[in-house]
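Before we start, here is the structure in question, set down as structure tokens.
Should a chain be cited, it is by its letter among A, B, C, D, E, F, G, H, I and J, assigned in written order, with residues numbered from 1 in that chain.
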Amino acid sequence: MLFHVRMDVHLPPGLDPAVRDEIVAREKAYSQELQRAGKWPHIWRIVGEYSNFSIFDVESNDELHRLLSALPLFPYMDIRVTALARHPSKVD
Amino acid sequence: MLFHVRMDVHLPPGLDPAVRDEIVAREKAYSQELQRAGKWPHIWRIVGEYSNFSIFDVESNDELHRLLSALPLFPYMDIRVTALARHPSKVD
Amino acid sequence: MLFHVRMDVHLPPGLDPAVRDEIVAREKAYSQELQRAGKWPHIWRIVGEYSNFSIFDVESNDELHRLLSALPLFPYMDIRVTALARHPSKVD
Amino acid sequence: MLFHVRMDVHLPPGLDPAVRDEIVAREKAYSQELQRAGKWPHIWRIVGEYSNFSIFDVESNDELHRLLSALPLFPYMDIRVTALARHPSKVD
Amino acid sequence: MLFHVRMDVHLPPGLDPAVRDEIVAREKAYSQELQRAGKWPHIWRIVGEYSNFSIFDVESNDELHRLLSALPLFPYMDIRVTALARHPSKVD
Amino acid sequence: MLFHVRMDVHLPPGLDPAVRDEIVAREKAYSQELQRAGKWPHIWRIVGEYSNFSIFDVESNDELHRLLSALPLFPYMDIRVTALARHPSKVD
Amino acid sequence: MLFHVRMDVHLPPGLDPAVRDEIVAREKAYSQELQRAGKWPHIWRIVGEYSNFSIFDVESNDELHRLLSALPLFPYMDIRVTALARHPSKVD
Amino acid sequence: MLFHVRMDVHLPPGLDPAVRDEIVAREKAYSQELQRAGKWPHIWRIVGEYSNFSIFDVESNDELHRLLSALPLFPYMDIRVTALARHPSKVD
Amino acid sequence: MLFHVRMDVHLPPGLDPAVRDEIVAREKAYSQELQRAGKWPHIWRIVGEYSNFSIFDVESNDELHRLLSALPLFPYMDIRVTALARHPSKVD
Amino acid sequence: MLFHVRMDVHLPPGLDPAVRDEIVAREKAYSQELQRAGKWPHIWRIVGEYSNFSIFDVESNDELHRLLSALPLFPYMDIRVTALARHPSKVD
């Protein structure tokens, strides 16, 4: 089941660079783990913004919330989720 | 080069159903032609709305505008385009 | 799987009252059929507006879109869907 | 008398984790006490956000404000209240 | 129980003036009947707009929706309702 | 001359509780003084928010600004003023 | 007593040009009559828009609403009124 | 003196195609005349929208309004003007 | 050449009162100097807000930006500039 | 390939002036380097704001994101990118 997710990162200006680097590194590892597991099939950077559009493929709403709220950057992000359905014009 | 596109369709309530069906049929054929050509790799219906999120893969901004403005539903849609870049966490 | 849905009805002012009554009657019958089937467990009127907040309980995003787009009032409504998850403070 | 409530939590990034845990624990206990008393019949997490949609069942507007403003997280939340009425399509 | 209500009237430009006058006359009579019954204790015109701020005093959310949806101008208005509570600084 | 005023209070999270209590106490005293003088005939709490809707009755715009900008909470509030006129449907 | 007023004109596209010209001519005459009477001391066109910013000088809110709602273009305009006070830095 | 202008065209769906073509042809001729005169040095299509970003180079605000309000599409456009100044980082 | 300017002041809550008073005093002196020079012919306080509407009369966009960016409160303000033209109904 | 970019700078009020000056100097040098390389053909100050409208000329979306995210002020800016296409009325 697919969901469209927009994530906007807002790191506080005064955040310690070492803390920041460590969070960002954990975020990357966690994201790649979910991508390899097939849960996060697409992620694109929005040009000019510290933001991404992503597609998640999960079993349920609960699984999606569990995955998103475990993101190391979760406390620093605005996240908007949109449920997706198959489009009638989609070519198989 | 990838672009994220949101399309919201607003057909006028009084539109002749035959005209409507004909436009929607042409829209579907045109969309599938672009999908088969690899120009429109993803299209998802937004649940509960007459809208879609799409990904286009084109050579240039000019090509994207040419493709979008040739959509049979173009006069009846609000379209918002967002340029995408490779995300640094993307797994190959 | 639960979803929160807001529906705002915008019937065109010049709509024939007989047509309007027929659509609204079909909407009511369809809504009650889904309520009895357990798909639409809650519906509340928003005070002062021709709008409702509803909760749907479905198997998938695709099922939800199929149910919503079959609403007789669908062409006259703005619909916004929000995916819901279990709240950690929820009492069983 | 039913009310729809949306709560968005905005904890300051620098909040002491122990203070945070203590507030969140008190919030949970208070919420469950109101749920058990029948005052707060529904609470759902909004997927991807530190937010909830809730339904309150109270005797009056004054009672609702008293309950909401006593939430331990009240100083850290944006709350929006919408009065609900019985929907004419509601199945008993 | 008090509610704050904002009403914005949007009469279609092509409405027959006789129809318009008749609706507005019924609206006035209905409003004055509710004012005399103590249900609609305050109504103020917003300067420069075809809009009002009103205070309603009702027994329940359901009563408020019944009163508002019976307004002759209801199909031509945007209405926003806000639940009010006693203010702690209010002088008796 | 009547004005509708919405006040939204945003006290900084880190404000010293003693300072806060003192400001709030002065605000209450000042508000009650203006209520007793007939300048501030109505004040209602917006349910679920640290906000109020108020009606002021003043001689002039200048008097209203003088009264509002002297509020002890003025530096911590968003205030929106709307000029009111007599409504043609108002019952005397 | 001064008020800042923004007026945005939205004439329906299909309006008969003769009707339009007649309304616009009456609007101009009425505006100039109020300007000469000192009630409407300033009017500026917003560049690129069919809109103006104006300053009105009136005795009361009621007078302002009476003047504005008598504008021949009133049914075709969005009007926003802002109450003005003397600025403490104003040079006499 | 430079101004940034955004124009969004909203042609009514039912407009006679011949009338539409004639207006669009006049718009193009007028635009090219202003471009050749150096008054409209830049015009870009916004990808996916019936809109443009333009730069105008004029002697005064009055000249800009005269040029814009003479656009054949003026009654069908939303126009937003932003005054521009030399940027301190600009390379000559 | 006239411009309409809205300024909204947002002084940080923790600003040293002496620093604040000094900035505000310099702002007032600078504003009065520009008023006396005929560059800033109108300034009005927006009732209930720490904001003003102003009219500037300058030779060019560059001059306006130079004057505004030299305001002592510039780093603490949101400023919105609107270019003005002569209104065709203006009485000389 | 052209892109329209709006940048709004939000430097934190408490930023050390020396740090600020150093960042702004590096921003200017970097901007001028890109201008000289033909990547950033236009930059204009928005009058009254710490903001600019710019035009970038790049080979790809990825190049644009690389250039923008390397701006010394990037962590302190809101950036909005709009893809541009050739306008059909453009004079060569």
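As a working rule, a residue touches a chain if its C-beta (ideal position, glycine included) is under 8 Å from a C-beta of that chain, and two chains touch if they have at least 3 such contacts.
Protein identities per chain, from UniProt: A, B, C, D, E, F, G, H, I, J = Muconolactone Delta-isomerase.
Predicted model, so just to flag it, every value in this text is computed and none were measured.
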item	value
Equivalent of A-D within the choices A-B, B-H or B-J, defined by over half of its residue contact pairs recurring	B-H
Between B-J and E-G, the pair joined by more C-beta contacts	B-J
Rounded Å distance between chain E (Muconolactone Delta-isomerase) and chain J (Muconolactone Delta-isomerase), as computed from the means of their C-alpha atoms	50
Chain B (Muconolactone Delta-isomerase) and chain C (Muconolactone Delta-isomerase), separation of their C-alpha mean positions in angstrom	27
Set of chain J (Muconolactone Delta-isomerase) residues in contact with two or more other chains	2-3, 45, 47-48, 61, 64-65, 81-86
Chain H (Muconolactone Delta-isomerase) - residues contacting chain J (Muconolactone Delta-isomerase), complex	2, 4, 27-28, 31-32, 35-36, 42-48, 52-53, 55, 82-91
Touch list for chain E (Muconolactone Delta-isomerase) against partner chain C (Muconolactone Delta-isomerase), complex	3, 5, 12, 61, 64-65, 68-69, 75-76, 79-81
Parts of chain I (Muconolactone Delta-isomerase) lying in touch with chain F (Muconolactone Delta-isomerase), wherever the complex brings them together	11, 13-14, 45, 47-49
Touching residues (chain side chain C (Muconolactone Delta-isomerase), partner chain A (Muconolactone Delta-isomerase)) in the complex	1-3, 60-62, 64-66, 81-86
